[in-house]
Amino acid sequence: MLFGGFLAVPVFGVLLILVSKSSRQALMIMLAAALGGALLSGILAAQVAQAGVIEVAGGLFRADHFSAWHMIILAIIVFLPSSVYAYTYFGGGKGIDLGYAKRFGMLWLGAFAAMSTALLSGNIGIMWVAIEASTLFTAFLIFRQGNAASLEAMWKYIIMCSVGVAFAFIGTLLMAAAGQQAGLEGGDSLLLQKIYLVRGALKPSLALTAFIFILVGYGTKAGLAPMHNWLPDAHSQAPGPVSAMFSGFLLNAALYCILRFLPLFSPSDGGASVLQGGEAGSMLAGAALASSKAQIILMGFALLSLVISSAFIFFQKDAKRMLAYCSVEHMGIIAFAYALGPIGTIAGLFHTLNHSFAKTAGFFSAGSLGKKLHTNELAGFSGASKRYPLYAIGFAVSLLALIGVAPFSVFMSEFMLVSSTVAAQRFLPLAIFLAATSIVFLVMLKHAIAILWKNAPGEEKAVTPDGAPGGMSGGVPPISEYLVIGLPLAFLLVLGLWMPHGLSDFLTKALDSLWSMK
Amino acid sequence: MNDILAKLLPLVVALVFAPLAMGIIQKVKAFFAGRKGFPVFQMYRDLYKLMHKGVVYSRSTTWVFRLAPLLVLGVSLIAVAWLPFGGLRGLFSFQGGFIFVAYLFGLARFATLLASLDTASAFEGMGANREALFAILAEPATLLAFAALILTSGNSSLWGAISWGQESSFAEFGVVPLLALVSFFILALSENSRIPVDDPTTHLELTMIHEVMILDNSGPDLAYIEYASALKVWFYLVLMANIVTAIFSISGWAQILAMFGFAFLLASIIGVVESSITRLRMKKVPDFIGSAVAFALLALVLEGIL
Amino acid sequence: MLLIVVLITDLTMAANSRLGTCINITAIQGFALGFLPLAIGLEKGMSFELVAIAVIGIALRGILFPYILHRSLLNSGTSRELKPIVGYFLSVAIVLVLIFASLWISIRIDFIAPQLLLLSTVALSTIFVGTFFIVGRRLAIMQILGYILLENGIYCMGLAFVQDIPMIVELGVLFDAIVAVFVMSVATNKIHEEFEHFDIQKLDSLKG
Amino acid sequence: MMLFGIGIGVLVGGGLLTLVLKKSAGINKLGMASVVAGNAFVLAAAVEGIAGRYAGEVYQFFLPLPVGAVLFSLSPLSSFFLLVIAVVTGLAAVYAPKYLAHYGEMPWRFQAHWLLYNLLAASMMLVVTAQNAVFFMLAWEGMSLSSFFLVLFQNDRTEVRRAGWIYLVFTHVGAACLLVMFALLAQASGSFDFDAMRAAAAGFSPGLKAAIFVLALVGFGMKAGFFPMYVWLPEAHPAAPSHVSAVMSGVMIKTAIYGIVLTLGLLGGGQGTELWMGWTLVVLGLVSGIFGIAFAAVQQNAKRLLAYSSFENIGIIAIGLGVWFIGMASSNEVLAALGLMAALLHTVNHALLKSLLFMGAGALQLATETLDLDRMGGLLKKMPRSGLAIIAGAVAISGLPPFNGFVGEFLLYSSVFVQGFGSSLVRAVYVIAILGGLSIIGALAVFTFTKLVGTSLLGEPRSNHTAHAHEVPASMYVPMLVLAGLCLFIGLFPLPVMSALKLVLADSGLVVVGQLPSGIVSSLAAMQWVAFALIGLIGVLALVRSRVLSLHKVENTSRHKVGSTTWDCGYHNPTPRMQYTASSFAQPLASFAQPLYSPHSDGSIGPDLFPAPVARKISFPDLILDRAIKPMYSWISRAFETFSIIQHGNTHWYVLYIVIALLAVLFWSFVI
């Protein structure tokens, strides 16, 4: 019933959009559907929190704390604000023609449907179908009529992700084959939980090969280096809301799929032994330090992502490309956390949330800024705080949040990550992690400072000596933009200082549901 | 009461004999130059004369300029009051006293430097600059030489270090105090602005260090400064004489006599040195003072090894 | 039999520069693969699902894909790939090597039933060749063809490795494939509109 | 406890309250009042804390952090630092309004300033009281961030933005080290609470301790400014408003000293130390001290000079800490106590001194509109009260008696008399290091600060602005005079201060402060009396002089003459431009130690027959920033540029990457 809703709401929305009369109408419908999705995922999370696991169709669709967590991030934290932002980005429909509005609305909702299906499927085949579908739906979101570069980016996105995800399908098939070898019957071999139950009987080499295909495949979509090359192009060329949605969740969805396979290689009974209420002490005292080969490989990709992204961020001149590489970096960080095993999982979960918050706010403000200033060059953004205080300050603050400045919660999740890494005694990766994040810190801080305070290019003197918001010349942004940029940052600030008990409880259960499939 | 009077003796001796030592140095220099020279008591007369003159203060100067002579003389008085004179204890003595006295001299230097900069004169600024620069090497040399002396004796004050000589033999630790003595001799030349570091009697302002700093002082101020300089020379002479008597384990009344003898002897040696070598180029001065550091370091390392 | 057809189509694709011909070859391969479930059905006993998959497979791979691609080709007016990144002779050689490698790997994989050996070889080699096409050909249409080959190979592989994939998954995969091809060919058309050519190698304005 | 809470509340609340006001003057007044009021409460709490009223109690605030908990305590040691922070931030706040006023009317920035200033003060107070690693790090980061924004007050200037950037980057790297350090401690002890760490310390392995020590050294060293991590100091301090520099240099970098003391406490006090740690600190301190003051000596910018001098003084404190470590490692209680007391005393001394001098530099800047020493001169006559305070500060920071700087250094010097650690050769090396190092530092300090005072306050004005300077308002010079008074007080009455320090350390578990060696106590007492004697002597001599002069007035009134020009060897009417400048003062030193400074000069003095007017400017590139980090930075950026070939835009290659990655990992998985 609930699961059906996740498909029904977008489909209903798409149908309505098809018959909509104006761009404004189409966008409104899109907005309403997004709101519906957000409500649904809220209900889902509440139910999961009550009942634990919800399964339908014999486990074909399945929701536990881990998927509910991602569902919340998808629907409430990324998709709804992105929809709101899209509405204003397109000037409430004034800026675009009906055809584009319809197309955008339909693809947008389609992407939502695909991603929620991926999160809620208990069947790895359906998971694959959903991920591939999300690629196809989102491809044309990148494209803007008459923009050659966006077309190029789109093509790269389609080809790379299709090939990558095709590899993931090979991996899925191999995993199913391994499941059948281990005695699963027919369709059961595609059910993740069933495979988990027989994981001791899986042929290690086959299962690992399957995992490698899955990792490289979905990793392409998740933007892990060296399969990330489509990402900066797509993010930089797509319209603001699309970039935000890509970075805020599309990547997470693919990473989610990889992570779902990790417990199959977990040597002992996953999280349960490590987990006693999520307290730092007992978490650190956990003995499950041994990593599976799968975790080691994931760690390798995570580190490579960190290194490569930090290098590219270092000399990046384009704001949205920089944010894109920053996504590569953060995907690396999240993968890093999970690669530590159950110890790092809470950090990973928390970081996923924080990154989505910060990145959506970052892309919203960068998108608007780019649109207003007619450039995406970072150099062109400098001193923008005097003319477009909301966007410029929003962008700079989200950069600060992304690089882990306290008291934003990214700092906290990175703190958790560092202590988990130390607890797992992975010192070399820790060193690489710290070096890479420090380099990113150095560069992004420089940009944030320039955006906030440097004089705009071509201006010798500051516009207003006070730097007060009085010198604004770009018109007052709509209240919704204040909300979609300000609220995430406010949440980051609050979460950095205040973790409600319910939330930490939920995270602990999510950890458990990932590693022991409960 | 008697005790305190006894402790005041080194101060009294210094007050009385310091200008005489300066006279001796002058006399020796005059002798080597083939001149008759001033009488040895000339400095007493100079001081008296200066005390009866008026003062001229430049418009540029402030209270700093007026405070400096007082401070300089005050510090010199305290220093000679502290220094034991042979078998006579100084007015006060405590662990690390030499550090305190060295820092008091630093305070006096600070005041002199500021006073000379206060005159807004290029010459005096230059002198201050050089003085400050050479102190960077002289300070560690002083402290290290003192430390070598004091640590060798296993004591923590100068009084203890000097009286140690009376119980121990020269052969055992002799080389360490000897090295310290050399170090102090070099310091005596450099800290008191003698040749080869500085020439107190030159007439070329560009080459001067200490004298150029006090160009603008006059009357009682100048008297204070000159007297303080004499006391400082005396300080070094007595210090060295102390070491020598300690090395030779002389004690009792003989020690007092020997102290005078050595002090005046050393004054003559300074005169001889001043007559026989020329001033170093400014660039070479650090090397010269550096040798004092080297001797002191050597003394300390040997002390550690022996 | 069908499998041999598939293998041969792989090879001829490598040697061919004419886009139209290549599309037709893909169509042939699609037909061959479409019949594959039926062939398996003959051995193991026919079922409704198998027939349905076969019918849909033939319809999509044999008819729909080539149709879509031909339309793109017509729009573009390009007819052949003149300067592939990897030359034709070399391509054939590489494809041969890939086929033998697939054979070797299939032999190495110990859980494959002997009767499925050929199927697995075909599957792997088709996957490899598909990937090779994506990497080694300049024109967008050739890359789409490579993707179709890749999909075909994976489909074979599914048949070889896994029994009884649920219908819904199977259909989902097919649905994805068609949408993918559709999206790609639309994109190709757009590329042609925008750049007046298909050459993916020239699409390199986004760097750094 | 209540007092402390109220104090923090007043600080934060007052900062927020300034946002309500509209006029600059009101904002500044309210900001100042809130700091003073808040600090008064904290001060009271700190005094109680030093007396041991809250010893051993840990308080929790209800806020649930993502990890860890808000735990804090007011141990005597924490209270000691609290006291210093409260005094200095309070006085700087009194100084601030008039100083800020010269920037003009910009209420928005002043609101931000006061909010951040109050947050800075509050977060420093939380840093020194935190009892949980996560909370500590939060407060630490809050401190860094608020000071970062404060540095960027004049953010329309390029060099200010650059300074802020460098500052925060260094801070971040340091914080990263601290994160790892606390993570190691938490892993070994099973908790982020400091109490748990202390309890578990006995079981730490030597390797772990070594790692923690090194991480603490680097992490806290970044903030404190140890060599070679001091780089941000000479950038950030000149960039910030003067009272902010005063707070940052005076107390903020001292929180790092607290951090090191804390870390050793977490390692279990004496059991945690090893000899090499102590020697590392001593050597690091010496190098920091000598480099710092050597670079200070050649600076022309007053605040840059002071910043380098902070680096020097942190070095002296580090020596003290090193002596403490050596003492602990060789179970020499006297040495340990001397070292730690010297370090803490010098921490207080430098906090007072450096905030005084930075405020002084601010006053000079306000009066002359420049920080360039070469453009000042003769200001003592125009600004007698600020000038007096600055001269007092300069004497004190040069470590000269009878001011407080000397007392701290004397404690360190006294440690050379302590016996019973290492062989006699080791001791000789120790003596050479301490005596030689400290005396070189002292002599260079005299050089530096006579230059500072001589060229700014004395002589004749070197620029038009300077010639028309005026004394700053009372609200600015009074805090300076108060600080100068405090400096003199500690210098003249060291014994009460020592007893207070003993109280602070008595139950800290960091060091056994039984009876201080009687030698030290009697030395301090004797020095106290000699200092008084010196003051008396000066009085007597002054009396004699005026007496003598007045006697002569009767005979010949013209002899006591004030107001002639400087004699200057007969040059008539010497002009101010002929004076020795700060640059000329520095030049000989720079040429003696050329490899250290590698001075860079623009413009040359040509050997022309008829020399035209020439301009010559000498600058001294920083050893680490300009000669190590900048080349490294450009090397890294070149190296990273080469990465860009990965992203060349060619789709075919991108797909190939996927394949290669796949094959490589497959290969790896089968081979391994």
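Residue numbering begins at 1 within each chain, and the chains themselves are lettered A, B, C and D in the order written.
The rule is simple: contacts are C-beta pairs under 8 Å (C-beta built on N, C-alpha and C of every residue); 3 or more make two chains touch, one makes a residue touch a chain.
Since this is a predicted model, take the numbers as computed values, not measurements.
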>> So if I look at the partners of subunit B and the partners of subunit C, which chains show up in both lists?
In response: D
>> Going by average Cα coordinates, which chain is farthest removed from subunit D?
In response: C
>> As a test of whether you follow the contact definition, which chain pair has the most C-beta contact pairs?
In response: B-D
> In whole angstrom, what separates the CA-based centres of subunit C and subunit D?
Replying inline: 70
> With chain centres defined as C-alpha means, what is the inter-centre distance between subunit A and subunit D in Å?
Replying inline: 43
>> Counting only Cα atoms for the centres, state how far subunit B is from subunit D in Å.
In response: 36
> If you average the CA atoms of subunit A and of subunit B, how many Å lie between those two points?
Replying inline: 77
> On subunit C, where are the residues touching two or more other chains?
Replying inline: 131, 134, 143, 200, 203-206, 208
> By residue number and range, which residues of subunit A touch two or more other chains?
Replying inline: 155-156, 159, 163, 232, 312, 315
> Got a list of which chains touch which?
Replying inline: A-C, A-D, B-D, C-D
>> Can you tell me which positions in subunit D touch subunit C when the two form their complex?
In response: 644, 647-653, 655-656, 659
>> Could you list, by residue number, the parts of subunit D that touch subunit A in their complex?
In response: 63-68, 104, 106, 108-109, 134, 137-138, 140-142, 144-145, 152, 155-156, 158, 161, 164-165, 168-169, 172-173, 176, 179-180, 182-184, 186-187, 190-192, 636-637, 640-641, 643-644, 646-647, 651, 654-655, 657-658, 660-662, 665-666, 668-670, 672
> Across the complex, what residues on subunit D touch subunit B?
Replying inline: 377-378, 380-381, 391, 395, 398-401, 406, 410, 413-414, 416-417, 423-429, 431-432, 435-436, 439-440, 442-444, 446-447, 449-451, 453-455, 458-460, 519-520, 522-523, 526-527, 529-530, 533-534, 537-538, 541-542, 544-545, 548-549, 552, 556, 558-569, 574, 576, 578-580, 584-585, 588-589, 592
>> List the residues on subunit A that touch subunit D in their complex, please.
In response: 155-156, 159-160, 163-164, 167, 205, 208-209, 212-213, 215-216, 220, 226-227, 229-230, 232, 280-281, 284-285, 293, 297, 300-301, 308, 311-312, 314-315, 350, 403, 405-407, 409, 411-416, 418-419, 421-423, 430, 434, 437-438, 441-442, 445-446, 449-450, 452-455, 462, 465-469, 495-501, 504
> What does subunit B use to touch subunit D in their complex?
Replying inline: 51-62, 64, 67, 69-71, 73-75, 77-78, 92, 94-97, 99-100, 102-104, 106-107, 109-110, 113-114, 117-126, 128-130, 132-133, 135-140, 142-144, 147, 151, 156, 205, 215-216, 219-221, 224, 282-283, 286, 293, 297, 300-301, 303-305
